[in-house]
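In what follows, structures are represented as structure tokens.
Next come two complexes, and both contain chain A; in the first it sits with chain B, in the second with chain C.
Take a look at the complex of A and B:
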């Protein structure tokens, strides 16, 4: 299971600030498409981090069990 | 006398007399004197940073007082930079404070920035953030960023020693228009974000500690959670003079002359409510420039929108914001209300 955290407005899109997600295959790209299917993230200017490192959405690598994912949008208030 | 004043920080081995001297000889430009600016500024000033610049074209509104703690009730209606400087001078008369009561634009940014060592981004606009970023890359300056969303805030330092920039973190993909519901914020969340910024400023100037370069700090004040995310520099991004001009300056082709306007278009007045004379077009909306980014949902991105202000300067800046949010058919009325008035006189 992957642990996914949502920040800022993304927590409102997901209606929670954290959830667990099981993926069929372990590739980063399948995580991105799963997130897109659930929350249409392609339309949002968000970045995705794996174990606190922001990765490009088109990067190709495999996730490990218990990886911690974060979905980060830009903030604009001041 | 000077040493006595700063004794508490000089006692720190990371500061010392040398560090205090560095602070005194530093020049820091604070862009935006709102919630973040009001938190950052008193600490920069009281720490003895010798030269500070303030950039903000806005005036104090009653609704600012809840979090913009440099202002007093009688500041309402007055320029933010003027009111802030009064308070800051009362705090430390040894510091030189330069006021720029204008909004940052593609035209004035490089000129304003080049005289300072370091910038603090205290704005509340994505469009202006990209402008600050690109102007900093051009002039080889770093900037300390913070931004707030409800109970959360982000802090980072960009373009520090050739490190990653804001575009490496959030590439300029067209932003989505947010809904109009004002997000709302507690003064303490903004204040805390500002404290992190001020801390990074002092550390950079003193050359001590670890800087949030290539790192995004996220803090949740509701649950007292803090996390730091790393991001890498994207070398495929090239921010040079040509890029800057294309992004931030070439808007003149998007101007329209007063005698060419289509009266049936949708008109957008970006002047403040007190500005006269009022215009009277069949379909129009008034959204002051300072509130535009928060109220974009009142506009339809598919409409033909003609933007105007008093002279045609703010409407060009407004155009930049609208473009960032994917509005396609927008033009700025050259010469603004003044040109429109002249035209009316000729017709009559």
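Take a look at the complex of A and C:
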């Protein structure tokens, strides 16, 4: 299980600030597919951060159990 | 989390302020620099909430939230870059979290240097990078209690 944090409008789409998702394997591409299946993220202007760094959705690498994952809408500070 | 992570967070400066940034806080920040006698120029940017009208509806506040851990890391990086790029004596960045009403301040960037030339460029550089790279999210609240998520242009 991986812990995912949601921010801004994405927390409203997911109806929570945080949840755990079970993936078929611990790859980043499985995470992106799971998020798309659940929330249609390909159609949303969101970015995914792993351990506080934005990663491209087409990157592939393995995730660790305690990685900090966050789905972020466009930044609108200021 | 490892102790290295905590050390890093502890070294980071406080940026987020709950609610509006008070004019008195800005005055206090200026006063704190009067003992630093190598400074010859300060420049300040203050972001204020505008009461925009959208489709006939009056906006009266923005509620800010942030991914604070990532924001702290990103701000640290932006600060280091600005010190490397410009000849600055010091720099301070503050941003509101929570509700800030129209007419109140939500963003305060304060740059100081020996001479004036670089403080203008440094301020703009910091404001632009904070707006585009720091994970802060604004929800615009209308008088009718309806809302929309803020988009930076």
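Rule of thumb we're sticking to: the second predicted complex is superposed on the first by the 74 of 78 C-alpha atoms of A that agree within 3 Å, B and C clash if a C-alpha of one lies under 4 Å from a C-alpha of the other, contacts with A are read in each partner's own complex, and residues count from 1 in each chain.
Operating definition for what follows: a residue touches a chain if its C-beta (ideal position, glycine included) is under 8 Å from a C-beta of that chain, and two chains touch if they have at least 3 such contacts.
Fair warning: this is a prediction, and the values are worked out from it, not measured in the lab.
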First (chain B), second (chain C), both or neither touched by A:49: both
Partner chain(s) touched by A:7 [first = chain B, second = chain C, both, neither]: both
When both partners are placed on the shared chain, which of chain B and chain C touches more of chain A: B
Chain B versus chain C as contact partner of A:70, first or second or both or neither: both
Touched partner set for A:78, first chain B, second chain C, both or neither: both
Chain B and chain C contact sites that coincide on chain A, given as residue numbers: 7-9, 49, 52, 70, 72-78
Touching residues (chain side chain B, partner chain A) in the complex: 32, 34-37, 122-126, 129, 146-150, 152-154, 169-170, 173, 175-176, 178, 183, 185, 190, 216, 218, 227-232, 293
Chain A residues touching chain C - in the complex, by the definition given at the top: 5, 7-9, 49, 52, 68, 70, 72-78
Residue ranges of chain C in contact with chain A within the complex: 47, 64-67, 69-70, 73-74, 95, 106-107, 127, 130-139, 149-152
Touch list for chain A against partner chain B, complex: 7-9, 43-45, 47, 49, 52-54, 70, 72-78
